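Structures given as structure tokens follow.
Here subunit A shows up in two complexes: once beside subunit B, once beside subunit C.
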Partner chain A sequence: MKVTYPIVTQQFKTSPFWLLTIGSGLIAIHVTLAWRGDNLNVLGAGILFWVTVASMIWQRRYSLKLESSAIASGVGLVIISLILLRSLALPARGTFYGLMPLLSGLGVGLLASDFRGLKQYWGELTALFFIGAPELVHLFIPDISPITAKFSAFLLWYLGFEARLRNQVYIDLPGGGVEVYSGCSGIDTMTHSLGLAVLFLLMFSSTKWQKVIIPIVALGIGFTVNIFRVVLMAALVSENQMKAFDYWHKGDGSLIFSLIAVFCFGGFCYWVIQQNESKQNELQQSDLTGN
Partner chain B sequence: MIWKQLRLPLLAFTGSLVFLVLGRVAVVPKVEATAEVSLNFPQDIPLENWQSVKNISPTNFESPLPKADQSYYYQKSTIPLAIEMRLLRSGDAEWFIEKKYGIYESSLVLRQQDGIGSYALFIYRERAYLSTCIVPWGGSTFTREEYTQSQALKGISWQRVMPWLMGQAPLREQGCLWAHLSVPLENLSPEVAYSTLENTWFSWYEWWSFYLSSSQFLTQVDPTRQ
Partner chain C sequence: MTISSILKNTSVAAVAVTAAFVSSVPAEALTLNGSIGLSGNASVPNGTNPLTTTIGFNQTQIDDSVGDFASILFPTSDPLELPVLSNLTLNRTSIINGSSANYQAVPTAGFINFGTQTIGGLTDQLTFDLSQANFTRFTAGANFVALNPTNVLQGVFKFGDETVANGFLSASLSGAGDSFQLTLSTEAVPEPLTILGSLSAVGIGAVLKNKQKIKA
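Right, the complex of A and B next:
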């Protein structure tokens, strides 16, 4: 007698089903940790990046090579176990949390496609790295706040304020002063914009030239928007508007600048896409007319 | 062949594990990982060549420091010796010397003893001081750079990895036991005072390293050894 299973239970007997379960579970853990730790920046960006990565995988689901050796699976299992154990402590910040998306990707990748198969996920893994990049960036990059302070003081002076730079990071104005500490250096906004640039390059086709220029523009927008933020802070302190200062510094206002940076970069990307499309149209036109 | 049969159960097992953890992460209340540092200070500690006394005069020599966890007093002929012991969670004894005595690294005499570690010597208001911090992983450090470096190198061990992963303890051991020895300069030249303090410190350290290795200090600094 042949036993027939309902369709649902048959899914349990396929490895892609379980790989999907593991992957989505790890995503849910990462997002839940950000949510429980009130890490709103990572929560927002994380969801965007995870959705992108998931859709990139989903589009290629029939062409992926899904075979893995015992050794690779063992390594993958160890990585995932580390993530699970560490997750029990509810981290929402820090180096390990920053590495979690990339480690999750590596773990699932090894379980799914062996060491050699990891190649097919390089784009996804890059995107995953950028989810955690704001937590990791200080490990690689020195504090850029003196540069931020210098540009901000210059802009303030240009706008007509009597701004003076002291000890590299202190901007003194007649009515008060601000210290540009590492949290205000803009490196977070820059990393975030760079991550978006990477997503854009992964999702849309682009020329070699664009591959260079888009990340640079992203970094530039992040840096510039932050300069304006610091200038606004300094001006508010100078005018003794402390309530407004708190709103723009720590309150909802601080998120608005991230929003502005994202919008600026979004606009730039839109323009790039239109450029590419019109070029494409021209080529098609010339094909049609036979020139 | 066996692997082909094993792969699916392994994936199913991993997937179930992931969802178990997800469930727990979603509902578990948040607790901060902290290292509790505490220590039973013995009342009397024998010190070679020194006579333990209840008090020395002047008892309250001008100390800018907060109250010690435990003070020890000794006498040798006319020399009174005071030893103050404190647990520091930060591991930063240098900070107190900077803030409370206003003495910075450049004006300290920093010395190194093989097999123990470094210590600082200085003079403040007619007293000579020896200050250093016994670290839980063995040895002593004084400056915060030394402490951080030593902690990064030796404060980590395999037994700590599991509790760290579970969020129960920091990955590296933390804190130190600050020893602060002093003698008045009334009948002593600074050089003699320094060498007296140094010799005392070496036997003092020996006693404490033996005591710490068998006491609760380490167990309570380090939940993994409970």
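Right, the complex of A and C next:
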């Protein structure tokens, strides 16, 4: 006699089902922590990158090699256990918080495909790194506030303001001044834009030169948009427009700057896609003419 | 059932339990919230409207602490005598009259050192960097000097992350006794929010991908 199970029960018995469950649980923990920690930047980046990574995995679901060894599964389990233990008292910001998405990806990847099989997830792991990159980048890159302040003071001077740079980070104007803190240096906007560039390169085909140029353009857009933000803040303080300053600094107005950066970068990406398509069309036409 | 599949099943159970727990536990934040008041002896040099003057601080004590600062503790035998305030150099910016002038403090990194502290379950070095402070210095006779703030003192608490704080510092020399009072309150300064950009990037990415699919 052969025992048969309903289709739903059979799905419970398969490895991909459990991997999907573990992955979904870790995503839920990460997003919940970002939400409860009131860390809106990580929440937004989490939604964007987790959706992209899930979509990339889903597209390749039939071609993935899902064979793991006991050792790799054990290491994966240890990594996931550490994440779970640490997440019970997780701060809203910090090194571990930034590393959590990448570690989650590594843990699930080891459970799914052994150490050798991790190669097939390099794109997804790179994307996961960029969810927490703004939390980690401060550890490796020196504070760029003096550079931001210098460029902002120069732009203010160019626009006709009597701007003076003091002690590297203070921009003094006749009616007041601002200090460029590390939080206002633009490094977060730049890292965010760089993450978008990585997503674009992972999801769309590009040439070698574009692989170099696109991240540089993303960093440039992030830095430039932040310069204009600092200039606007300084000008508002100088004119004693403190209500307007609060709106653009703390209120809904502060959301606009990342939107501007994303739309600028989106426009650039659209142009890159158009260029690639027109080149492809030219090649196809020349092939047809040649035939 | 293989070892690998047992480990996977264990992971599923662990993730599910933690997900349920995390959703009910409030997350902690590294940014500080609250206020602190300090006082102690000050070394205020006398003299009328000097070009530069340096204030020293000693025997500092915490008078009141609210919020995250309420959990600040110092070792019972403390050779450093924490909290320690660094010397503060003031440069004259303008003379008001023969007995008083305006001064500006030189920005001082690590102006206040609270040593290693545990706040909200996190242990780290707690320091306060002074960014900006302006004073009016008033002299009366040989042994009376008063330093009064002309606007809000600004600085940054460093405890893992940075927390902007405002406050007031006043110091005086009166006869043989010098003293100072300093109060600091944290202020929430948001970083530029990228959530709207991230969410719009989801839409832009979907549009570009769809367009590519249609053309293909």
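Rule of thumb we're sticking to: the second predicted complex is superposed on the first by the 288 of 291 C-alpha atoms of A that agree within 3 Å, B and C clash if a C-alpha of one lies under 4 Å from a C-alpha of the other, contacts with A are read in each partner's own complex, and residues count from 1 in each chain.
Simple rule for what comes next: contacts are C-beta pairs under 8 Å (C-beta built on N, C-alpha and C of every residue); 3 or more make two chains touch, one makes a residue touch a chain.
Just so we're clear, the structure is a prediction, and the values are computed from it rather than from any experiment.
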After lining both complexes up on subunit A, report clash or fit for subunit B versus subunit C.
clash
Which holds for A:Lys150: it touches subunit B only (first), subunit C only (second), both, or neither?
neither
On the A-aligned overlay, A:Leu82 touches which partner chain: subunit B = first, subunit C = second, or both, or neither?
first
Counting only touches as set out at the top, which of subunit B and subunit C does A:Ile22 meet: first, second, both, neither?
both
One more residue to check, A:Thr32. First (subunit B), second (subunit C), both or neither?
both
After superposition on the shared chain, which partner residues are touched by A:Arg164: those of subunit B (first), subunit C (second), both, or neither?
neither
After superposition on the shared chain, which partner residues are touched by A:Ser254: those of subunit B (first), subunit C (second), both, or neither?
second
Touching A:Ser73, do we find subunit B (first), subunit C (second), both, or neither?
both
Subunit B versus subunit C, judged by how many residues of subunit A each one touches
C
State the stretch of subunit B that overlaps subunit C in the combined model; pick it from 42-50, 60-68 or 204-212.
60-68
Those residues of subunit A which subunit B touches in one complex and subunit C touches in the other:
15, 18-19, 21-22, 25-26, 28-29, 32-33, 36, 68-70, 73, 77, 80-81, 84, 87-91, 111
Looking at the complex, which residues from subunit A come into contact with subunit B?
12-15, 18-19, 21-22, 25-26, 28-29, 32-33, 36, 68-70, 73, 77, 80-82, 84-91, 111
Residues of subunit B defined as touching subunit A within the complex
3, 6-8, 10-12, 14-15, 17-19, 21-22, 24-26, 28, 30, 33, 162, 165-168
Note: in the complex, subunit A contacts subunit C through residues 15, 18-19, 21-22, 25-26, 28-29, 32-33, 36-38, 40-41, 43-45, 47-48, 51-52, 68-70, 73-74, 76-77, 80-81, 84, 87-94, 107, 111, 167, 170, 179, 181-184, 186, 188-189, 192, 196, 199-200, 203-204, 226, 229, 249-250, 254-259, 261-263, 266, 269-270, 273, 277
Subunit C to subunit A touching residues, read off their complex
2-5, 7-12, 14-19, 21-23, 25-31, 107, 120-122, 131-132, 154, 156, 160-162, 164, 188-202, 204-205, 208-209, 211-212, 215
